[in-house]
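Read the structure below first, then the notes.
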C-alpha cells in the first residue's frame, strides 16, 4: 500500500505540473488573442496566397492557396534533402575509406578535410558558399560553358532541359526493370545458399536498368528532346539563358554546404564501421581462399553496413533538419515560404509555426521508426 | 607488356632506375612548381591536354621505376610502402601534391604576402590586391563584443574570467565536499552564473550602467548563449534522463514525449517559436526580454540532447551499483544523487563536451532571429557603406576563429575521453 | 435588523461607486500604456534595422530619422524629454509580434497601412507620416527607362513578407511578364544581391530605394524608374485596445504637421505664444486644455515642436539634407500642393 502511494504521488504531481503549464499557456494565448481581436483557426490555409515563389517543383503562383504554398515549401525541402543525402553519401564514403588508406598523404588529407569542415559552423559555411563563392561567379554574358552546354553564372546554373514525350511509359519500363532486379536478387541469393554459385547481380541489375528504358526509346514509344540554354537579352546589360533549366544559386549553395558538412560525419561513421570489423574476419576469409574483392563484398561490407547504417541515418536526419537553414539565404524551402512569407502576410504565428514543427517532427519520427525496423530486421540473431 | 617490363626495376639494376625515377619525379614536381609560382610553362610546344597532363605522366613513370619491394634503401622503402604500392595510389599522391602546389601559393599570396593590415580606413586597402585585414582590425572589437559600449568591455571580460574560475571549483573539491558535486553543478553554479551575468554584464545596479540586451553581440554573445544554454539545460537534461529510465509510466512517457519532440524539430523553428510565439503565451503585461526568450528556447532544445547523452551514461553503469545502493536502504533520490549520478556524469563528460561543441556551432543561428553574434556582426559589417566589398575577408576571419575554438574543444574532449577511459 | 442591513448595503454600494469613480472604469482618461511608459521612464519604440532617413543608428548608437523623430515626439509629449526613448531594431518578421506582445509600445518602422494589417492582427494604424509608392531600381547601363520595358525572365530582388512582394506579383501579372522573385529577410542582403548582379532589378518603396542606394558599391550607376506601381502610406502603429494611447500617438504626429502649416518651428515656438491666431495659440499650449483629454499636461504640443521640430524640419533634416529625397513630392502640406492634410487640433 505504501509502495503504491509512493509510486502514484510523483506521477500525479508531474501530470498536474504538465497540465498546469500547458493550461497556463493556452489560457494566456486565448486571452491575448481575444484582447487583440485575432482569431485562431486553420481556415486561412484555403485563402489565396498572393505571393509567388522563386523555385517550385509543381505548378504554383499567387492565385493558389496557402496550403499549396506549404506543399511547395515541403517539396523544396525534400528536394534539397535528397540531393544533399546523395552527395554527402558519395563524398562521405570516399573520405571514410580514404581515412583508412595505407597511403600517408591520402589518409592525412582526408583527416584534415574532416577536421576542417566539421569544426566550422554550418551557417557560416552556407554563407560562405552563397555570399562569397557563388556571388563571385560571372554574369551570364561573360560565362564560358562548362562541359559545352552548361553555364555556371551568378544568376544560376543553366543546364539543358530534357523534354519527354510519354514520360509515363519510361517510368513503367524502369519499374519493370526494378521488379525484375528484385526477382533476380532473390534467385541469386537462393542459388548462393543452395549451391554456392555466384551470379554477377550488380552487372545484371545495371544491364536491366539500361536495357528496358533503351527498348522504349528504340521502339519510339518515348521520345526525348534536349533544349539547350540560349542566351537571351533582357536589356542592354542584362542577359539570362532561356530555354534550358535554371538551377538557382541558392539551391547550389545549400546542397554544397550541406553535403560537405554532413559528409564529414558520414565519413566518421563509415570509418568506425569498417574499423569495427575485427581483423580476424579478413584473415579468415583470405585463408578460405576468397579474392580481395570477394572478401569486401561477401564478408566485410555486410557486417560493416550493420554498424554504419544507424548512425548514418541519424546524420541524414540531421541534414534534413539543417536544410531549414535555407531561411537565411533566399531558398524557398518550407521554413522560408511557410514560416516566413506566409507567416508575415497572415500574422497567424501559432498555427503556422505549429504546422511547421509538426511537419519536421513527422519526418524525423518516421525515419526513426524505419530505422528501428531495419535494425531489428538485420540484428544478428544469436542461435 | 614490353613497356611495363622496361619500367620495372629489379634488384640488380635498381640504382640506375632509382636515379632515373627520382629525376623524373623531380621534373614533374618542378614543372608544377614553376607553373604555380612563376607562371612559366616551358612545354607549350606540346598539344593542349598533353601539356596539362605532362607532369602527372612523368611522375607516374618515375614512381613506377622506383617501386621495388625491399630495395634495401630505407627512405625508398618507406615511400614505396606508404604512397607507392600501386599505380592508383601513386597517381592520387601525385595529384594531391600538385593540387597543393597549385592552390597554396596563390592563397598564401593573397592572404599574407600582398595583404594589408595597417591603417584605419578603406583607403589603406584600395591600393593593394591582397586581402584587406585592416577591415578586420577596425571591426575587431565589434566582432568580439557586438555593439556593447567600448568603455564597458572590462565588464564582459571580468564576468567570463569569474565564470570560468567557478567552473573549475569542482576540481578542487576534497573529501566530503565531493558528494555535493552534482548539487553544485546542477543547482548552485547556474544561479551563480545568472547572478554574475545579470549584475556584471547587464548592469543596472551597484553603479554599473544598464546595457540593453540588444547591444550585446559578437563572440561574447556566442559564449554567453552557449554557457547559459549548457549550464541550465544540464539540470533539466538530468531530470529528463532519470525520468526516461523511471519505472513510473506517466513520468516515463512524458519524458520520452518531450525528448522525441525536441529532437525532431530543427533549431531554427524553435527559435522562430521563441521570438514569435512565446510572447503570445505569456500574460499581456509580462514582457520577457528577447535574449532570455531565445536562451530559454535553446535550453529546452538542448536539454533533450543532453538527456540522451546522460541516459547513455546511466545505462552504462553496472546494475550492481543500483542493487548495492538499494540494499543499503537508500531511497530513490539519495541513490541517484550520491551514488549513480556522480559516476554516470563522469562517464559522459566527453559526450557533454561534444554537446557543448554542437551548441557553440549552433549559436550562429540566433542571427536569424535578430541577435547579432559573430555571423550577424559579419553581415552588418560587410554591408556598411564605408567597407563594401570585403565579404571574403570577413568570412575567412570568422571561419578561422570558429575553427580554432571548435578544434581546440574537440581535441580537449578527445583528451578527456582517453583520460576517463583509462581510469575505469 | 433588516433596516441596518439595508443601510449597510446602501453605504457599501455608494462607497463602491465613489471608489470606482476614482479608479477603474470611470477614470478612463489614463491609458494603461501611458501609465506604464511614465513608470518606466522611456518610450519603447520599434524601428528598422537601419534605413537611412527613417531610422538609422550611427557608430556611437545615436538614432536619427523621420520615424525616430515621431517616437521622440511621443516621448516629448508624455515624458517631457524627447531623449527618453529606447529603440528596438526589429526585422520585418518580428515587428508585429513585438507590438502585440508588449515588447514595444509604438512601431515606427515605415510600415505600410493596409486593410489586413489593420483589421486582422490586433493592431491599429494611427496615421501616415510618409506617403510613398513602390518603385523599381535598375542599372543605368541596362538601358531600361520605364517599367514597361521589362522582359520575361527578369529577376527582381525584394524583402521577404512585405507588401512589396505582393505588389510586385500584381504588377508583373498585369503585364503578363514571367519574373523570378528573389526574397531575403534582411534589407542589406537584398541590396547586396542586386549589387552583385544576382537580380536585374530591386524593388521596394521609393523612399527605401533612395535610402538604400548609398549601400551600393557605385550608387551613381543606378536609377530609380519613374513609374510608381502602388500606394504605400507609411505610418506608425500601436496595439489595439488602448484608445487613449492611440490618440496620443496620432495627435503627436498631427501636431507636427499642423505646426508646419501655421509656420511654427522649433526656433519660434516660444514666441508664438503671443500670436494673434487662436489655432497657433492652441498648438503651443497658450490656450485651451487639449492635453487633459489624454491625461497629459498642457505643454505637450509645445514640447513636441520645440524639442523635435515640425514635420518640415524633421523631413529636411533627415531626408532632404542628406540627399535621399530632396523633393518632398506628395509629402508636402495641402496648402502647398501636397497631400498632408490633418484634422485640426482643437
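Order as written gives the chain letters A, B and C; numbering starts at 1 within each chain.
In this text, a contact is a pair of C-beta atoms (placed from the backbone, for glycine too) under 8 Å apart; a residue touches a chain by one contact, two chains touch by 3 or more.
What you see is a predicted model; the values in this text were computed from it and never measured.
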item: Category of the chain touch graph - line, ring, star, complete, other; value: complete
item: Dominant chain pairing [most C-beta pairs in contact]; value: A-B
item: Distance from subunit B to subunit A - Cα centre to Cα centre, in angstrom; value: 24
item: Between subunit C and subunit A, distance of the C-alpha-averaged centres to the nearest whole Å; value: 45
item: For subunit B, residues that touch 2 or more chains besides their own; value: 276, 280, 282, 284, 368, 379, 382
item: For subunit C, residues contacting two or more additional chains; value: 93, 97, 100-101, 185, 189, 192
item: Per-residue overlap in subunit A, given as positions that touch at least 2 other chains; value: 32-33, 35, 131, 135, 327-328, 343, 349
item: Contacting residues of subunit B [partner subunit C, same complex]; value: 147, 149, 212, 214-215, 275-276, 279-280, 282, 284-287, 290, 368-370, 379-380, 382-383, 385, 388-389
item: Interface residues, subunit A side, partner subunit C - complex; value: 32-33, 35-38, 50-54, 61-62, 131, 135, 139, 154-155, 232, 234-238, 240, 242, 249, 327-330, 336, 340-341, 343-347, 349
item: Touch list for subunit A against partner subunit B, complex; value: 7, 10-11, 14-15, 18, 24-25, 28-29, 31-33, 35, 101-106, 109, 115-116, 118-124, 127-128, 131-132, 135, 321-322, 324-325, 327-328, 335, 339, 343, 349-350, 353, 356-357, 360-361, 363-365, 368
item: In the complex with subunit B, residue positions of subunit C that touch it; value: 49, 61, 86, 88-91, 93-94, 97-98, 100-103, 185-186, 188-189, 191-192, 214-217
item: Footprint of subunit A on subunit B - complex, ascending; value: 81-83, 85, 89, 92-93, 96-97, 247-251, 254, 260-261, 263-270, 272-273, 276-277, 280-284, 361-365, 367-368, 375, 378-379, 382, 391-392, 395, 398-399, 402-403, 406-407, 410
